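Following this line, the structures themselves.
Both complexes shown next keep chain A, but they swap its partner, so chain B is in the first and chain C is in the second.
== the complex of A and B ==
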């Protein structure tokens, strides 16, 4: 009997999970096209039939009366995410390459300990880190500024980049490095000309992780910037008042995740096309 | 521009990978290094290339200290046992890679890449990625890259080991032709196969447990193996080595005394010896040394019968297919005129007269 019921069971579970994951998204989607009355009238999901769609929420996030303008926060978020991800990838792959190819030893500390040290920075709760970061930025005069936020975000993203890339570099045969050196490349050239070009899949995955974490960071931006610089998550949260304007909040949230969804689709296409895979046997 | 190695030593975890390795590699010669797996062949090549640090010893090239030269300035190309190419570059890019690093002009690079690819029979494959090629083709690309630069030293680490039998024979013949017009290049080629070592090599170095046991022309090494170990490494199947006694030129093995006097051993003092006899010089007969069959390999044109006499293993190579069952008791006839005699420590004291003649005649 198992063979008959198993597919039914399988697809039921998948369908339920899909609803659970997509549900909030669908809720936000419908809510963003409602007005106050439609929201307060209880849950409705089918436009035109159950409620009349309006663009109020969407107008509100682009500077409409009583709303906000998400363009500046969007640009701030983009700058911080892109700059921090790029710096993290550059520094992270250098560190990861060194950790993958050279043996370091300081007393009892070895390569694996250093890798764990990087990862451990993500294990610590952000609350622990924010106070020292605050004082550091204050001391450097970088509070409430984009460069300050970039530095802090790099500190958050670097461990991810190192972690992903160490693993990836470990999978590239050392003989490729050796051959490049025999072919006339000093170590740095070996990295740039022989290893990096074969690391596109790893770099893509690391970049993806960095972008997601950087883009979604709310906590550090909230604590380390005030009036001058506002990132997108901050702007969305700033909408929250005693009576939350759900339609505007929904529109802002959807606007905020849109870049990540586009990024994910693009990366997924890249990976599935095999443009990146199969570089190394 | 000799490459001289003196007393190279490397010990890892108490195991000698290189032990007092001393050798001189000359331009325009093909040196084959033969040894079983783990003999230290790869370690030696890696040390020559600068990829492996050694504990002690010296390495000089044209009088200069080669150990201090970084890998990327050693003017050395290497072909690995695993087919190693740059996965992100196509065939043309792979062969051009070292030429670009050397700063050659575009036209010169193009000319050399084309020539090199043509010489390994891959002229039409420029645009392919290594992953789209077969193992044999990948190894040819690696070969073309190594040849295109025209380096002073060319190292080949069992380049044919991972290929199938037919391809191996084909590439071996091609390599011989390729190497013969390499001019002043020092070529060092490692292998586990006696036939390969002797067919390709101008000079054969026999390596075992990190040491070089013997260096000589293929004939010298084959006909006058310095020790029992060399004798077993350089023969396929390995030479049969067994203990015996010599009295007045008559050999006694496992209680069986040869009926004939071995002429070449006649003036050898009586006593205990180790004898060596190739598998082709042992046959199954109606009388002789008695032993039990432990294993039979039939290759088609030959049958290899493994026999154990007391505790000593023998391999008998006979033509054609023979029906011998495991556990059979058989009698071995040992050709007395083909016996190599070694002292009890395993050092060669006398070769059969036919071998002597062929070495001295060349």
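== the complex of A and C ==
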């Protein structure tokens, strides 16, 4: 049935797309081992053959002269991401459980409207929120601090957590709740003992999305933290605004996205096990 | 019954109130500030009525950025959908090394957009970047990627497609992997061609996932501004400015807070209306496709 040319076509398309996807990483990798001369000499790709590799870029991002220190921004980013994800997951899965199991009615507002309210907050452009957030955090004395950044990041992540978890809880049979209730478990314990252990796949998917969007946020950190707290995207973009030492920029960029590339491996495993299908239905 | 009600709220309210409180203050603030003349020389919450909105109606730069955003978001999301669906189909079932391809094709969506935009900026550098080097190898002339408006838009779209096609790919592949097997067996027994099977079985079954994926991407794409800031800073001139970026310039950089507030609200309302209409149209279009 299928033409004999089909496999050729198929793997050509896959290979072309793979080159496009991997290209920027390859370019950043090769640039990170260059020095000023190698960059000024025009685009080259193969170390040793086309240019002499140095470690200048990589030394610069760990506090070398004329460079930056990426360790502190890395720690800040990690704290903000983990704290905001944890808060969003906790509040989000509680709310999602309620929306999946109980029926709410307040005038014309029903469950689906509440879910919509949560999810629709993703529509808010950060640039619209950031000026009010600035005065809000200033008023609370939280400007340029990690707790302040965590609070605004929760606004970004909570909708994602609710969106993923409502769908996931809807897929868990109600019999599980009923069994626990019959055993005399109060609702909260039912949730903790019977539902949460069955929700690990959903929680991991939600945690993955929260981690990615939390780690990658730039705009809030850019406008709401300055000298005391700098996150990793901020640190990398600051390098870009001066006359860019491309080698340092490339090394810093790779350092900043490395944890997320590892995350992709893990997402593929979830995907192959079928754990992601619940999230899209 | 009272106990049940208390438990219900105990689960729902912490999350609902948190989000509500985080969002409601900015909204009220923006509404109020949009009616004030708050700017860099006069940072006060006075009342000037609808003057900001009147000024906005004549701000062609703002309206141009809105039109540009609609074209950019619509164009890139469509490209992302077609490529994402295509790639998901190619590595869905029998493909050599499919797990490797799947990981690779997912990676860009995980990486920080602004950080990768900084790398893309070096790629599009006119004389030192590999984009023009590649064109040279193919015997084509060099293109001033970031200094001419047409190429700058193409560069921006390339970055967006690179960054977010993986998201389409992820949702569509997850959708494909959860499809039931029976319809495909039936199609095979009927001797349907690959092409026919796709249009009569796969595509209709994927309609709900497709609509969801496209809408999510449109929502995210409508906020486009960070990559613009890093890649082109809206330039050359204002030719790659999106509303998000123009708002940043007016409201934050130049501190025209009142005027920025008026544009913020307009932008938000326009987006909500447009996305709602698009969502309704898409749902209907895909449903018709599925029924035929």
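What we mean here is this: the second predicted complex is superposed on the first by the 260 of 281 C-alpha atoms of A that agree within 3 Å, B and C clash if a C-alpha of one lies under 4 Å from a C-alpha of the other, contacts with A are read in each partner's own complex, and residues count from 1 in each chain.
Everything below uses one rule, namely that contacts are C-beta pairs under 8 Å (C-beta built on N, C-alpha and C of every residue); 3 or more make two chains touch, one makes a residue touch a chain.
No experiment lies behind these values; they were computed from the predicted model shown.
Superposition note: with chain A as the common reference, chain B and chain C can be accommodated side by side.
In the superposed pair of complexes, A:210 makes contact with neither chain B nor chain C. Contacts of A:92 after superposition: chain C is touched, whereas chain B is not reached. Of the two partners chain B and chain C, it is C that touches the larger number of chain A residues.
Of the two partner chains placed around the shared chain by superposition, neither chain B nor chain C is touched by A:83. Residue contacts after overlaying the shared chain place A:165 against neither chain B nor chain C. Of the two partner chains, chain C is the only one touched by A:31; chain B is not. For the three-chain arrangement built by superposition, the Cα-centre angle with chain A at its corner and chain B and chain C at its ends equals 90°, in steps of 10. Legend: residue contacts after superposition of the two complexes on their common chain; A:272 is shown touching chain C, with no touch to chain B. In the superposition on chain A, no contact is made by A:143 with either chain B or chain C.
Contacts of A:224 after superposition on the shared chain: neither chain B nor chain C is touched.
Measuring only between alpha carbons, the smallest separation of chain B from chain C in this overlay is 9 Å.
Residues 186, 279-281 of chain A lie in contact with chain B in one complex and with chain C in the other. Note for the complex: chain B touches chain A at residues 49, 51, 70-74, 76-78, 80, 82, 84, 86-89, 97-98, 101-102, 131, 145, 149. Of all residues in chain A, those touching chain B in their complex are 173, 175-176, 178-186, 189, 193-194, 197-198, 278-281. The touching residues of chain C, when paired with chain A in their complex, are 4, 7-12, 14-16, 18-19, 22-23, 25-27, 29-30, 33, 83, 86-87, 90-91, 95-96, 99, 101-116, 118-123, 127-130, 132-133, 162, 166, 170-171, 173-175, 177-178, 193-194, 208-209, 212-213, 219-220, 222-223, 225-226, 230, 243-244, 247-248, 251-252, 257, 260-261, 264-265, 267-268, 271-272, 275. Chain A makes touch with chain C in their complex at residues 1-2, 10-11, 13-14, 17-18, 20-25, 27-28, 31, 39-40, 42-43, 45, 91-92, 94-95, 97-99, 102, 104, 114, 117-118, 120-133, 135-136, 151-152, 154-155, 158-159, 162, 186-188, 191, 212, 215-216, 218-219, 223, 232-233, 236-237, 239-240, 244, 246, 249-250, 253, 256-257, 260-261, 263-265, 267-268, 271-272, 274, 276-277, 279-281.
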